[in-house]
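Both of the next two complexes hold chain A, though its partner changes from chain B to chain C.
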Partner chain A sequence: MKKVTAFKSVLWTILGLALAAGVTRMIFGLGAITNQSDTTPWGLWKGFNVIPGIALAAGGFVVTAIIYVMRKHEYYRYAKIAVLMAFLGYLSAATALVVELGLPWMVWHPVVYWQHHSALFEVAWCVMLYLVVLFLEFVPVPLEETSRFAGVRRFLHKYKLILVVLGIMISTLHQSSLGTLFLITPEKLHPLWYTNLLPVLFFVSAIAVGPLMVILGVLTISAVYEKPLEREKLGKLALFSVGVLAVYALIRFIGLVAEGKLATMFVSSWQTLFFWIETALFVIIPILFLAVKQLRVSKAGLWVATISAVIGIGFNRANIAGIMLVRTGEIYIPTIFEIFISLGIISAAVLVFLFCVERFKMWETKWTDPRDRETAPPEFDRSSEAWLGSPRISHRFTFSFILIISLAFGFALISNERIHSEGIKEVPVKAARGGDTLYVDGNHDTFGVYFAHEDHIQREGKKESCVICHHMNLPMDESSPCSACHGNMYTEFDAFRHDWHSSPAGGNVGCMECHPEDQPRLAETAQSCEHCHKDLIPAGAEIEVDDYMAPSYTDAMHGVCVPCHETRAKQKEELKDLALCTSCHGFDHPEYLNKEIEMAFRDTSFNHVVLPFVGDLDKNREDMDD
Partner chain B sequence: MQQLLDFVSGPLFRLTFLIMILGLLRTFVLDLWGAWDAYRRAGDKKLAWGDAFSKTIQWLFPVRRVFTRRPLYSLFSILFHVGLILVPIFYLGHVQLWEESTGLSWWTLPHFWADLLTLTTIIFGLLLFLGRLISSEARYLSRSQDYLWPILLVVPFVSGYFCANLNISPASYQVFMLIHILSGELIFVLIPFTKIAHCVLMPLSQFIISLAWKFPARIDDKIGATMDKKGVGV
Partner chain C sequence: MKAILTDVTKCIGCLECVEACKEYNHLEVDVPRNWHRTDGLSAKNWTSILRKPENHYVRKQCRHCLEPACVSACPVGALEKTASGAVIYHGEKCIGCRYCMIACPYGIPRYDWESPVPYIRKCNLCFDKIRNGQKPACIEACPTQATIFGDRNELLTEAHRRIEAEPGKYIDRVYGEHEVGGTSVLYISDIDLGFLTYPVRKNTKPLPETTSTAMHAVPFAFTGMGALMGGIYWICKRREQLKQEKQQAKEDES
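Then we have the complex of A and B:
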């Protein structure tokens, strides 16, 4: 079994590297190991593991449908493999999702907090439900090894058909809803891929690739463990895929023609090239190799067709979920650690797969068809069985050694800079600019917000209304600017300036005037500001002040404006847009800021990406004022 | 030189330190697993758990057992171990490095005690080495790693002592530091794969020794299968 050991050693090595990267990601966050950014928030893991992984897991529901619903009993013995591959496919996709999203302890949120407008809400439910179904479908296999839980096993076996039907239903929903997800990207996705037919295409292509994936699994087992193949039977199963592939190709091309994209298919660009590579891999090569009988039942033909189709659909999903979302204008190249994690998740799935194949009775099926038993001789003799008994886990010393060395090596590869962070950068806030209409742009990055100040005063009730927003004033001030206390753009800020109060040039206050003599001199034990400044908080102020840690500027502005806007939006039909982000954000900056814009873009620490609003500024202002 | 120091104290340190931690974890898990396997297949499953447990505790402080027979050796060994364990973990400079890179810090040894323990470790390490050379019984039982380990363990203590007491050799600080880090890292890498693994295997050793008496006789797999006694003690 030298071949198996070598193969597994490679997998364990990748797994070790991936574990190092994964742990770093969980501790230090996405920034420590990925090149993802605000403009490329979906990186390699989504495009390579999650979306294609789900498609490749389709073998579970397609093959069980063929066996139990269409009653093609000759494929019984591949049912367990199909279910296991689907289970592992979904598990690895879910793992990649957890690595991507982080906060795995929040996984129960979509179960409790329903967000029925979200396509991802449906995706989350489908993944969780289908994982449970697949688990229940597969768990009788390991339970066969033990005499315990016989009741559970019998129960699951009895209601197998229900599980199969549930699996088909959920998969149908889920495979297509992944396509639905990308319907929200008409501006981003390349026209050769963007179509209203995406849900249909996702579903049909998953059905096509399902059996091919299972065949690939069987081929792998036969290659790794040197077991004979039932090529005729596999070829017959593959023929089913050929039919579905033809349907897929038909829908795809009719869709392109109907949407008037025939010319786009032949434009010379790298996108067109990718389109044709994808089509060749997923449609042309598999159909060519599987349509001919001699090739279909040959080992080489099966290998070429299945690998081509699997890579092809992976490429298709990767194009839609990442590569062809090209219009952000930013180039994203994954780091080596993102690649480690992507490959590591797959390695882990393959290792579990091989473990199950070695350990459990994967190719045998207890549920033999009575018709077969009477007429035909046994379908397979002992020699063609892939069940290899239950050996002790071989080479655990070698594999664990490989794992720890590659894990340690992976950690050593991550540079110090990557895992060091200085936290959120301090961005001092400057006052708003300009007369009756303020231009509120605290950190001067020119993505500011217009605020009709005079207009608000008049509308909200003249002078008396100042206290709605100005909840605290500096001594001698009637209405201090927000930036006086909310002095930092993104972090909480201490509004009390101790050094100024005690300096001779400032307040020149002695210690005892604020700190009582018999107590330690702490902020908690000191007198409050109102002790001296009787008029610090104006009479009738709407916002209460608990302590002198002022929230960040952005939080304070949103905290003041948004609730009020939301209330108004609910009160009047014509004000319903007031609570939208765009009612304040996205207006073009004034001419006199052009110089500052140049400066801001030259600044490498520029950290606020908002795409400038394109449109008629005056018209928008009028709308806002109404 | 500084670049080299940065490398050995950065990536190389992470690599070797992790190999030590993970390697020890692996050794522990594999030994526990192997012992459990043996226990599962043992013909007679009655084990003197209480005895194994109390012996483990006794060997943790082997005062009563060894002192009576080899008092000098026991004393040297204990004094050697005190500094060996305490100084690397609780030396102020080391804790500061941990705090700088991870934010974690803990109690530290006063400078005087750190120096004193370093010196005792060096002295008793060398004495143990000499003892092994002199005693013919010990020589008979010794493998090459038994001679090498005391010497290797003393190297980072000697170089560390020079680094911590700059007045002794201010000019060659970087050289001593390099020796200190590199020898330490060599020790890290070797620990899980040599006898030093006893630092984590100690709690298992008595359990495994008491199990050893119950191992099933080894029968060839084919004969065992024929007799329907595969993997069963006979």
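Then we have the complex of A and C:
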């Protein structure tokens, strides 16, 4: 059984990586793990696990319908497998949904808060109910192993038909309602996929793929555990799918023709290509391989047809739920961690599936009752200390080891940037340029302000007025540009250079010289800069200076100009427009400058300031670009 | 029903509305993150100014549709269209499925991607202010009256009056009058505002109507499928019985 162990090792590895990613997602939020964004709010988990997963789990209701309602008892062997696959399929879809939901602990809310206009409300209810039905359908299988709860088992057997029909009714609703979900996005979903028939198409395609998925499960069991394969019977079951596939293809084609989208099918674009890949995988290949008797009963034919159909339906659902949904030019590529979680959930489902196949009587056609056995053998032989009962979980140590290692590896892969994002990009600032009139445009994007420097000096009272704005200079410096401390365009800037101060060039300042001995070494408790630099801040400076953090460039510029402008605007009625943004940013809006600001300037003595630049606005910008 | 009318020709792009919105709704500083997109809206920016060529500034915010797709999509009724016109959000009901973000034709609802306890975030028309007869914060902040607040019908009249008063200045269309069944946030503009929504919609049908037909069919599909299965079961069983009887008869004969 080397093959099985190797296969399981891979699954445990993926599971470990997924667990690491899952824990990170729960602690730090969705943004830390996914590449989902405001333009692609649904990502891999919805588009790969939830929506295709539920379609692939349709085998549960289709095969039980064939066996119990249509009374084709020859497929009885596959009933347990179909129900188990459906149960695990729904459980894995539900798990993916829990990871995907922003507030997973609120997942029960649809039970309490009803909103029957929502297709998703309907899906939520159906999935919850169907999980219960599937549980009741499957639970007799493990109960077979014990002589307890025989009454429960018999009861469930007795009312099996009711459970099956209930399962079919519920499945009809939510399989189609998953299609209804996307009816609300007519302007977002590509026209090749958007049609009012979406609910019907979802339902019919689920019926078609259900049995094929069960056949794939049977093929896998037979390959992994070297069980005999009833190819004739499987082929017959597959033929049912061929019929449904033909119906599906017909509905879809007629829909496209009726909506006048025939030409869209042949437009050369990647969307059309995806459409044809999907159609080939889901419709053409399976029909070709399963319609021919020789291929249908051959192992290879069954493998190809079922795998193609399963990938095809997955692709179809992924197209509708994601790839073709948002056409804003934003490209969503899932992160490696999203892929880990997606595959990890599937791995877990496969592991449970294999466990059930090994542990329970999944292949027996007849239900057995432990009490019917004449003498049940003891499970544990005390004399030889050997297990005699059904096989125990093997390779416990190997798999635990693999899980722990891959878990650790998964955590190691998650970087700080991934969790906390790359943060704000630094936009370095350059000093203002010009002579009497300065052009203040820190990031040089030409959306700057012409500042009449000389005029302000003259008006505000000659040399003494400098301190109104120039609140400090760097030590040893006569006139530091604003950008020296306010070095970032949009974020606060650390103005105090710690390492430089403690370096020989910075005077080898020891810790104690700034940080008092008996207090924690925080910026808040440290000595202020003036403690050493006595003449750092000129006497009478009007702007308050924070000791160690400098505001961003834009904040600093506004902080300097706006308060004065607002005070002046209040002082004189004819200066009231000084408080407007356009009094400085007017050159972006010549029309406002001309009408309102010009008047304000005319009424006062400084009418020569900004106006000369207005006429040559475009020329000025061109100059700046050069 | 209350509404907002934004006149794009009057906006000077001063961002006062954005600032007022942040201040009134206590929104934190918006640290740009990997998952942020370029229209300026985010969980912490409920309105933004889009800078368009030739000094055009277009304010983007929730349109407060008359028949909102998000409200009909939400599985737990966390979104609600109030009588005042505002589409408001009840975080305590939300499960975080983000179906509203899929459904919104304007791509408005934003998500707290960085938070472990995330909520949907969008403009709520300052619901608690307008309930007390006040104006939304952004309207109060606007220095040029580019964006005004009032009764929807009156604003529509005003919009048409402005378009007619200065022929040639505006595009002859009030954005939000008919699209998706009408919105409570209206625009008049001298540039095409198609970029505010997903590719131009030809029909003016409210979006909830697209799913309602399918949703109305739900009870019938449910009972119909049950009846169908019952019928099939009965036929198959009957056929089996007849077959058995035939066999029995054959055996009796022999």
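Operating definition for what follows: the second predicted complex is superposed on the first by the 394 of 626 C-alpha atoms of A that agree within 3 Å, B and C clash if a C-alpha of one lies under 4 Å from a C-alpha of the other, contacts with A are read in each partner's own complex, and residues count from 1 in each chain.
Criterion: contacts are C-beta pairs under 8 Å (C-beta built on N, C-alpha and C of every residue); 3 or more make two chains touch, one makes a residue touch a chain.
Small disclaimer: the values here were computed from a predicted structure and weren't measured.
When both complexes are superposed on chain A, chain B and chain C end up sitting side by side without clashing.
In the superposed three-chain model, the partner touching more residues of chain A is C, compared with the other of chain B and chain C. With both structures placed on the common chain, the touch criterion links A:V304 to neither chain B nor chain C. Touch criterion met: A:I404 reaches chain B, while chain C stays clear of it. Look at A:R396: by the touch rule set out above, it reaches chain B but stays clear of chain C. Of the two partner chains placed by superposition, only chain B is touched by A:A412; chain C is not. After overlaying the two complexes on the shared chain, residue contacts for A:M106 are found with chain C alone; chain B is out of touch.
In the superposition on chain A, A:L343 contacts neither chain B nor chain C.
Between chain B and chain C the least C-alpha distance in the superposed model amounts to 14 Å. When the two complexes are superposed on chain A, none of the residues of chain A touches both chain B and chain C. Here chain C touches chain A in the complex through residues 12-14, 16, 31-37, 41-42, 55, 69, 72-78, 93-99, 101-103, 105, 107, 110-119, 143, 197-199, 201, 207-208, 210-215, 217-218, 221-223, 225-226, 229-230, 232-233, 236-237, 240, going by the rule given at the top.
Considering their complex, residues 392, 396-397, 400-401, 403-405, 407-409, 411-413, 415-416 of chain A touch chain B. Here chain B touches chain A in the complex through residues 10-12, 14-16, 18-19, 22-23, 25-26, 29-30, 33, 37, going by the rule given at the top. Contact residues of chain A toward chain C in the complex are 26-32, 34-39, 41-42, 65, 68-71, 100-104, 106-107, 109-110, 113-124, 161, 165, 168-169, 172-173, 176-177, 179-181, 183-188, 196, 199, 325, 327-328, 330, 421-425, 580-582, 585, 588-589, 592.
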